[in-house]
Amino acid sequence: MGRSAAAAKSKAAAKATKVVPPAADDQPVIALDLASPAQLSPAMQAYFQKCQDKLGFVPNVLAAYAFDSAKLEAFVAMYNDLMLGPSGLSKLEREMIAVAVSSQNRCYYCLTAHGAAVRQYSGQPILGEQMVMNYRAARLDKRQRAMLDFAVKLTAEPWAIEEADRNALRSAGFSDRDIWDIAAVVGFFNMSNRVASATDMRPNQVYHGMAR
Amino acid sequence: MGRSAAAAKSKAAAKATKVVPPAADDQPVIALDLASPAQLSPAMQAYFQKCQDKLGFVPNVLAAYAFDSAKLEAFVAMYNDLMLGPSGLSKLEREMIAVAVSSQNRCYYCLTAHGAAVRQYSGQPILGEQMVMNYRAARLDKRQRAMLDFAVKLTAEPWAIEEADRNALRSAGFSDRDIWDIAAVVGFFNMSNRVASATDMRPNQVYHGMAR
Amino acid sequence: MGRSAAAAKSKAAAKATKVVPPAADDQPVIALDLASPAQLSPAMQAYFQKCQDKLGFVPNVLAAYAFDSAKLEAFVAMYNDLMLGPSGLSKLEREMIAVAVSSQNRCYYCLTAHGAAVRQYSGQPILGEQMVMNYRAARLDKRQRAMLDFAVKLTAEPWAIEEADRNALRSAGFSDRDIWDIAAVVGFFNMSNRVASATDMRPNQVYHGMAR
Amino acid sequence: MGRSAAAAKSKAAAKATKVVPPAADDQPVIALDLASPAQLSPAMQAYFQKCQDKLGFVPNVLAAYAFDSAKLEAFVAMYNDLMLGPSGLSKLEREMIAVAVSSQNRCYYCLTAHGAAVRQYSGQPILGEQMVMNYRAARLDKRQRAMLDFAVKLTAEPWAIEEADRNALRSAGFSDRDIWDIAAVVGFFNMSNRVASATDMRPNQVYHGMAR
Amino acid sequence: MGRSAAAAKSKAAAKATKVVPPAADDQPVIALDLASPAQLSPAMQAYFQKCQDKLGFVPNVLAAYAFDSAKLEAFVAMYNDLMLGPSGLSKLEREMIAVAVSSQNRCYYCLTAHGAAVRQYSGQPILGEQMVMNYRAARLDKRQRAMLDFAVKLTAEPWAIEEADRNALRSAGFSDRDIWDIAAVVGFFNMSNRVASATDMRPNQVYHGMAR
Amino acid sequence: MGRSAAAAKSKAAAKATKVVPPAADDQPVIALDLASPAQLSPAMQAYFQKCQDKLGFVPNVLAAYAFDSAKLEAFVAMYNDLMLGPSGLSKLEREMIAVAVSSQNRCYYCLTAHGAAVRQYSGQPILGEQMVMNYRAARLDKRQRAMLDFAVKLTAEPWAIEEADRNALRSAGFSDRDIWDIAAVVGFFNMSNRVASATDMRPNQVYHGMAR
């Protein structure tokens, strides 16, 4: 094939390819063909309804887990305790950890859903973007910077965490109980990131536009 | 300091240092000073008793979580569903995943506790060692090798898992439901490894000698 | 300090810390104290005016380079040729490369500015997010997927690119001239990412809200 | 294939697969088909006999090298000088280095054989396990911790070792002669790990149960 | 095939293979089949003539870019400003950065061409070799060591550069304007390394013997 | 300090710093203060003399080991067997492995000394440079490329070598005995690289100019 023919072909290809509008970017929710959703227990029915009422939709991660009641309930119990229960960390701080961890693991589902949460809780859309892109670019105070440094190191090199790392958190004002909570949130998203990546879990499209 | 003096000093140091017997290698259970254990709920009391009866001891991870009932119960519910509930994966296979993941993350607690479980379930002490050291050294059939390749890739590079990786599991005989279970166990130990590493969680010493 | 005092202190800290609203997230534009902007040449004056007219603002990268006319003009000449000049790659494709490369390098400036460009050129806000978060999550055709696989490998492991990698692009329909253009855009953003990261270059805040 | 059929097939597969008992985990000794063992020289005959008398078996690494007398003798000479000759490092310390290096390189042969040696020399089975799993989990004094930090850095990033690293050893009480010995042992196991991994060298099964 | 036959075959193969003399190591200049060189503009004709007069040859990177006048001119403008224009960095220092960056990226073209430049500018052939092999092996003063540490970190982990890194340069005596120049040279070679690696660009053979 | 003062200071610094001529780049031979060279045994005296006669100098690695006769003799015996003894690999091929491994480990000593050996054995100075810079840039036949791919993978990820890697060597014409030799040379230089890096071992300056 001569050069000009190749060039012509290449140009045609460029025109012909347009990214197909992802009208259904979040369908199917996961790339696994699992059983139909189990009949939700009354507690889970109520929880899904609450999501619908508060958020206007049921997060896809719940839809994904709904194929099995025991798994759904265990996931919801742990999530709600960690992210919404009593803690020395604010809810925003827990969401900041969620996004910084998910950025290290490049998890599309969690970056989308929890990036929206950071935008919402903080009222600062840019903060959400910074957590997604590179938490080091955010202008954080010493406390939150230490928290995220620990979170990302624990994600990337868990084997290298030692007393000096815990002491850095203590110096930044965290109690030992707070350190547990940081570790637990980091751990939880290292789990969720992997379940989402393993199954190609798709975030509800609505997240992308929230709290911009 | 002259050379011979330095040499003498060095030799003396070598003699003087002996590793202090880790009589208390598993004390304290974690390096955080948390609240005293909460009063266990009846369900958790029964569960701890069951551990005592079956294993002869309560795993330290449970002792660590016991400072807060909600956290303990959520952890136990998820653990028991994943590792002991119905699945297309045998219990041994789930433990093999646990150890291969923990080896990638070099988690002392989980390698010790779940390495013992592999030895016990399989009746093959060497298999447990191989999961700890390098799962590629074990002579596995195609199914279990594919399972562990997926588990370790999902641990090390979760962002790179794609349909081809899921298809490799399907070719090795796994159903989509099995793939969920593999992902969930991998996720769970990526969580536990990080909670354990963040807190310097110490495995009960008794594990080391079990099922040798 | 007793436990309850520590807890109280920790809670107070959580309340006290609120992320300061980044009213001036893009000020100063870079973290270096350089000379005042040089007098812009007529060509550059016209170019800045054109930016103002078309975008409504002058991108901060231009403001950053404006301290030295020769550097500004060289940067603009190369940028405009690569991103806007004739090519077998569409402008959207060149921006997709820009963002996928910048995601590998976690560059806050480029992810923000070029993420907005992908949203705008494609009319698909989600595509922009996927390029930022993990290009593998986007549902791309074979051509664009091959293009981004090459771009990210060339970014992460330039020493490992060989004829097989070029052939993968040829199989996906790219001409040799297209391969040059892909390489040149990848190279350009590997440069820009580093200038931006080295200087803490801040993207104009307005980018964050564009084309959502 | 319908879901229930797939589930049934998957369950059957789980039952059918049992890990084949590795009755012969250490046969063949390596995955290369080399010449029959050369006739051992009198010196090597005596050495093998000494192994048999002292350990009860000939380590497989010696069996592997025995195909060529010159290679066997060079290996034995270097090994014995390094690991058993005069040094400011105790024999236990040299074995600790061997295992920490082999853990970094995930070498099945060396972790097994030298893990047993650490258990034996120290009289502390747990110390051997910690060297295998993550040396940072062991409660070491400053001297041994500095020694292993140097060993693992020299293994993972040899290009980054500089005067500051040597000074850290000097501060921990090591003489320059000791530093040579640490470097030499680290180097030796970086060699042995690679010969073992390249050939799938199998440790004598008896090691696994020693000194538990 | 018996062992001796295999050995014989292997020996024959060893004899038969001799590396073919790379009489044409720099032909073709790149592995892409691009259009014939465009007619050079008068400015570029003069520039190529100047190279011929001063160096005795036209660097292959220019021959590679010559297929397109706009690309060639933009490249030359940026290169000349950065590497030859006014700066607080000496020309040798800029070349040292070029080589240290290219070593991190293992770029055959740039290591060859700019390694020669370091040998020539410094009059110290060994310094050129050290920049190619491992800049940490060179005995540099504090200023140049800080400069190269920054350059290599910015190349390997651009996302991790922060104010502390800039301050390390300031402490070593660099002005903010110098920091821009360091960043710009690092950026430029991260671009050039990737264009060269993507196209298998071959350095003029004559470089290898220059200034030895 | 005003901008022009800073600029002036910076320019002065640039002029003031000139790299001190490394008249003594190879002195001292290592950065450890060891005992004076032991009295060489007659065999080693003869060997040093032979080096002097053949090469015109004694390689610094031998001078470094000479502080202890047992270590020197063990090193020499292993080196001579591996690099000069009978093998299906040519001496040039063994030197190519030495340099490719040392490039992966960025070892100044070994790259210098064995890079010279590749230049000398091959009569192709460029081949030596390519082994130092990036072996993938050399135009090798299938046999030598497979050999170096194995060598570099075994160096970088020894834990991942498996039967498929050995089979790639067999397909490229290597016997099992050859595979042992490749592994042994790779292992040896992974050892030597680390001893050299740990001690800042300096290559004899004369190597740099040999066989150019």
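Going in written order, the chains are labelled A, B, C, D, E and F, and every chain counts its residues from 1.
In the analysis below, contacts are C-beta pairs under 8 Å (C-beta built on N, C-alpha and C of every residue); 3 or more make two chains touch, one makes a residue touch a chain.
For clarity, every value in this text was computed on a predicted model and none was experimentally measured.
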| item | value |
| --- | --- |
| Partner chains that subunit A and subunit F have in common | B, C, D, E |
| For subunit E and subunit F, chains touching each | C, D |
| Winner on C-beta contact pairs when A-D is weighed against C-E | C-E |
| Geometric centre distance via CA averages, subunit D-subunit B, whole Å | 22 |
| Geometric centre distance via CA averages, subunit E-subunit B, whole Å | 47 |
| Averaged-CA centre spacing for the pair subunit C and subunit B, given as whole angstrom | 41 |
| Sequence positions of subunit C contacting 2 or more other chains | 3, 33, 35, 106-107, 134, 159, 162, 176-177, 200 |
| Every chain pair meeting the contact rule | A-B, A-C, A-D, A-E, B-C, B-D, B-F, C-E, C-F, D-E, D-F, E-F |
| Residues of subunit F defined as touching subunit C within the complex | 3, 134, 136 |
| Complex contact set, residues of subunit D against subunit F | 31-35, 67, 70-71, 73-75, 77-78, 81, 85, 105-107, 150, 154-155, 158-159, 161-163, 166, 176-177, 179-180, 182-184, 186-188, 190-195, 197-200 |
| In the complex with subunit D, residue positions of subunit B that touch it | 3, 6-7, 9-11, 13-15, 17, 19-22, 25, 88-90, 92-93, 103, 106-108, 111-112, 122-127, 129-130, 132-134, 137-141, 143-144, 173-178, 200, 205, 208-209, 212 |
| Touching residues on subunit A, where the partner in the complex is subunit D | 33, 35, 159-160, 162 |
